[in-house]
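Inspection log for the structure reproduced underneath, given as structure tokens.
Each chain carries a letter (A, B, C and D) given by its place in the written order, and its residues are counted from 1.
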Amino acid sequence: MANLRVQLPGLDMKNPVIPASGTFGFGYEFAKFYDINCLGSMMLKGTTLEPRYGNPLPRIAEGPSGMLNAIGLQNPGVDAVMSEELEKLRPLYTDKVIANIGGSAIDDYVETARRISAHDMVGALELNISCPNVHAGGIQFGTNPEMAGEVTRAVKAVSQKPVYVKLSPNVTDIVAMAKAVEEAGADGITMINTLIGMRFDIKTGKPIIANKTGGYSGPAIFPVALRMVYQVSQAVSIPVIGMGGIASGKDAIEMMIAGASAVAVGCQNLIDPYACPKIIEEMNEILDDMGINDIHEIIGLSHQW
Amino acid sequence: MANLRVQLPGLDMKNPVIPASGTFGFGYEFAKFYDINCLGSMMLKGTTLEPRYGNPLPRIAEGPSGMLNAIGLQNPGVDAVMSEELEKLRPLYTDKVIANIGGSAIDDYVETARRISAHDMVGALELNISCPNVHAGGIQFGTNPEMAGEVTRAVKAVSQKPVYVKLSPNVTDIVAMAKAVEEAGADGITMINTLIGMRFDIKTGKPIIANKTGGYSGPAIFPVALRMVYQVSQAVSIPVIGMGGIASGKDAIEMMIAGASAVAVGCQNLIDPYACPKIIEEMNEILDDMGINDIHEIIGLSHQW
Amino acid sequence: MKNYQGMMTIVSKRELVKDVFEMVLEGKAARFIQAPGQFINIKINDSLQPYLRRPMSICDYDDNHITMIFKVVGEGTKILSQKNIGDQLDCLTGLGNGFQDFQAKKAIVIGGGLGVPPMYKLAKTLKEQGVEVQAVLGFNSKDDVFYQEEFMDICPTFLATMDGSAGVQGTVLDAIQAHQLVFDKYYACGPEKMLDACVMAYPENGYLSFEARMGCGFGACMGCSCKVKTKPYKRICVEGPVLMSSEVIIGG
Amino acid sequence: MKNYQGMMTIVSKRELVKDVFEMVLEGKAARFIQAPGQFINIKINDSLQPYLRRPMSICDYDDNHITMIFKVVGEGTKILSQKNIGDQLDCLTGLGNGFQDFQAKKAIVIGGGLGVPPMYKLAKTLKEQGVEVQAVLGFNSKDDVFYQEEFMDICPTFLATMDGSAGVQGTVLDAIQAHQLVFDKYYACGPEKMLDACVMAYPENGYLSFEARMGCGFGACMGCSCKVKTKPYKRICVEGPVLMSSEVIIGG
């Protein structure tokens, strides 16, 4: 069986499979399905300085091979996440987790990062500068290289843990965004966040999602994610955690071939709560069939062409 | 049965269903399947000043609910299109067609437009400033508002027919692009072109498409297209022809509810050569069920919310 | 076998009224159901279409069977209605809190339209617990009525239809008043309008089962959170679908 | 009935060798086929997965039947191989130019691997036209050989395998030389490497059937255009899949 262990800043992972933020709650919900210690790490639900209820319902719509969501960063706030949610997770998961940080203003990001980066269970931060579902809620940081660099620099200055920046695909030049956050000191990049989409009720003409627009994710966005990871992983020297529509071990391997050093699994956790363990198993089988001994052999395999 | 007739600059269409450029050849290929006079209009294969062979093979890859293509503007050149392709089409189609113009430099666009806009069968031009598959081939015009305005203005100056500009979704701010071409004199907007994507052969790590990246289209991109048409149709006063993953009459109606004054059907023509007549029939049935007498009642129906 | 998940086989299927189907599923996953009012979340196809699972209320169940009743309203339910006996479905079962408080002398179960099914197993359970049960079932019209006989076999059952073509004309509340029904606890499932009306008419001693568009059905995506008086929010899929009347925020 | 399109029913299915299936389809759409070497394009599922049709060569046909042979190489062919007798498939038929020139005294049909099937109907047609036919079939190894008997019933048939486990060791060209086969016209279908080798060995009097990833299969998308000596390009799906040896540009 191939070696799946990968080391990334702040994360020593037994395998490169990570549930993506917002599709895994704070982890413990999945412990009733399987032993979550099989996971390389996990990205926690987006956390803000203050508690947020988020957007009105409906927050979910469906698309071909994907779904739209507009949750709006619902979370109990950073203090409650540390004192309650992470304590519920502590007995269930022994490796380090990735805290996902959201916000509307730089000061929010900074203070949230300062507090949660001090938590012993947190191995790294994921700076979400690309949430499409919060008005004045980060998206502007995710589409402007200067602002992306600015918030990254500010968070890096206070974080006790490595900082990964989550990039939005809704930009003209994803490489410029990646270089900006690398230059600002990011330890890694996670990508891609959701594509902004909409659906309408044809009877009333009303947008199905109360927030009108939502973030589109699932297999439908996989080819876009592969392309952007391919471009960015060749343009920066920090590791990229690839995500966007990964639904199988084959998808995960294709994403790493594109240049990802690890993968995050999003929507598929919602369709199949057993998605992550299945994907880890499938990766093992495929690597064995391919006669590959170490997962590192396939990372960026496409760059030679 | 509801009135489906829509009038757009240069086009008096018996219904709002138009096969999209690049999925319908020069029209006559489909005459062996059905009487193409049932179509509101048709968008011809992208035409350039000089003949182009296009990209090496493979040019096609598959994705979840969609396909990637990198044809590279293969076409026999504007003169052969007028003297040969359109003459083959003439006996088969009586309404006006939309000539799609591609290029690498403004002069190419201008000269191609000058020539083909004089053709009697051509009712309007579609200016493709967003082809993702030609290196230095239009895409830069499609991502920069100033350059988009510049090429639009230049083509408008010589065109004898109304000019529609085809927008790329691979931008941060689609509304800025739309406003730029409107301000430059565009008579209409067609959107969206394809999303840039990739797929890889996991055995070799090689990109499946010889051009490496390809344009991703099909139902997978439908929610993104709906969102962009919704945003643009409210920001400009010229009509929008909506496209991107329309595969059914219901999809077509949802696209018009989003704000499109007509729709273009792309990939679905490749999956089902009978797609367009089926979609026209389905639209009639749905409008009857909804008790709608005129298609205009649903155009932009979502904007009230 | 995996927790909460399993393949279940369609062993019976019948159309009760136009577009409303009763389906009985057989499989071990049924044993994860612990209370009436819990729901199952079904992967309609093993393809990507439709993409999301479809949450379905449970009408009746035992250790190896689940009876569900659904109406064809869209692509997913249409495909489901075309499945045949013997076909298998990937199901997540035992989801949600369900109805757990059976402490009552005289209870009333209120079902509106597709909210009727979960009331069936609930009525049977209450009766087993020695509670005196009455049922009020609301429909749009006579042609939409289903499961009336099934309820009558369990308890006194009263009908309401909006057009008056069967039972009392009007809402379930009109029927309760018309028949001057007395109760010390009520349980309701139906359209949000109906549930809101119940809460306004009877703010106390009620349990109401709510619906919401869900991403996952098991608490991961926060797609179905609604505001309640007792907490900042509850997830319909985990802390719900059953809420206490006293904690419901109308339009929450 | 629609031109070129129709639902066809699977009436027989058998695994010839590992992962290689022969399937017979029945339906009126078969009558649109006009020449051996034409192909059909199949919608494997009525769902969005897989999205594209799958082009398949035609091994044999009559007015109401199509025999095809395919190998399970990916998702689409895997799903197709799991279809059952009685299942229906949405097919576009009679696509491509096919083999149309049967003017020969002594012809040789050359099939490599999954390029063997279209040679079968071609060999039968040539024989009917009074042409003396010989067949050379190339495979990787003995275990991959299929349809040898079927060809032997029609004409002298020679085998080549890369590992020498059956027939001549080497390529189809090695077999032609080893048996010193004489011919005034040849027809070939197989991997691009094999076709290129044929063109280099025999630049004249040959017809070769090429493969390409296709978007549509009927000339709309330009996804399969290849450069040829006679025109700027030919679409494999319309002006092909059969090209003359004299017009082929190696690696075109």
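Assume contacts are C-beta pairs under 8 Å (C-beta built on N, C-alpha and C of every residue); 3 or more make two chains touch, one makes a residue touch a chain.
None of the values given here were measured: they were computed from a predicted structure.
Undergrad: Determine the groups of chains connected by touching when chain A is not counted.
TA: If we ignore chain A, what remains holds together, so that there is one piece.
Undergrad: Top contact pair of chains, counted by C-beta pairs?
TA: The chain pair with the largest number of C-beta contacts is A-B.
Undergrad: Measuring between Cα centroids, which chain is at the maximum distance from chain C?
TA: So the farthest one, by centre of C-alpha atoms, is D.
Undergrad: Just give me the whole-number Å value for how far the CA centre of chain B lies from that of chain C.
TA: 46
Undergrad: Approximately how many whole Å separate the CA-defined centres of chain A and chain C?
TA: Roughly 35 Å, centre to centre.
Undergrad: Whole-Å distance, chain A centre to chain B centre, using C-alpha means?
TA: Comparing mean C-alpha positions, chain B is 34 Å from chain A.
Undergrad: By residue number and range, which residues of chain A touch two or more other chains?
TA: 61, 63-66, 218-219
Undergrad: Give the residues of chain C that touch two or more other chains, as numbers and ranges in rising order.
TA: 48-49, in rising order.
Undergrad: Going by the contact rule at the top, pick out the chain C residues touching chain A in the complex.
TA: Residues of chain C touching chain A: 2-5, 43, 48-53, 92, 212-216, 218-227, 232-233, 238.
Undergrad: Sort out for me which residues of chain B touch chain A in the complex.
TA: My answer: residues 61, 63-66, 68, 143, 170-173, 195-200, 202-203, 205-207, 212-213, 216, 218-224, 226-227, 230, 245, 250, 253-254, 257-258, 286, 290, 298, 301-302, 304-305.
Undergrad: Any idea which chain C residues touch chain D in the complex?
TA: 45, 47-49
Undergrad: Provide the residue numbers of chain B that touch chain D in the complex, in ascending order.
TA: Where chain B meets chain D, its residues are 22-25, 29-30, 32-34, 45, 51, 53-54, 57-67, 69, 71, 74, 76, 218-219, 269-274.
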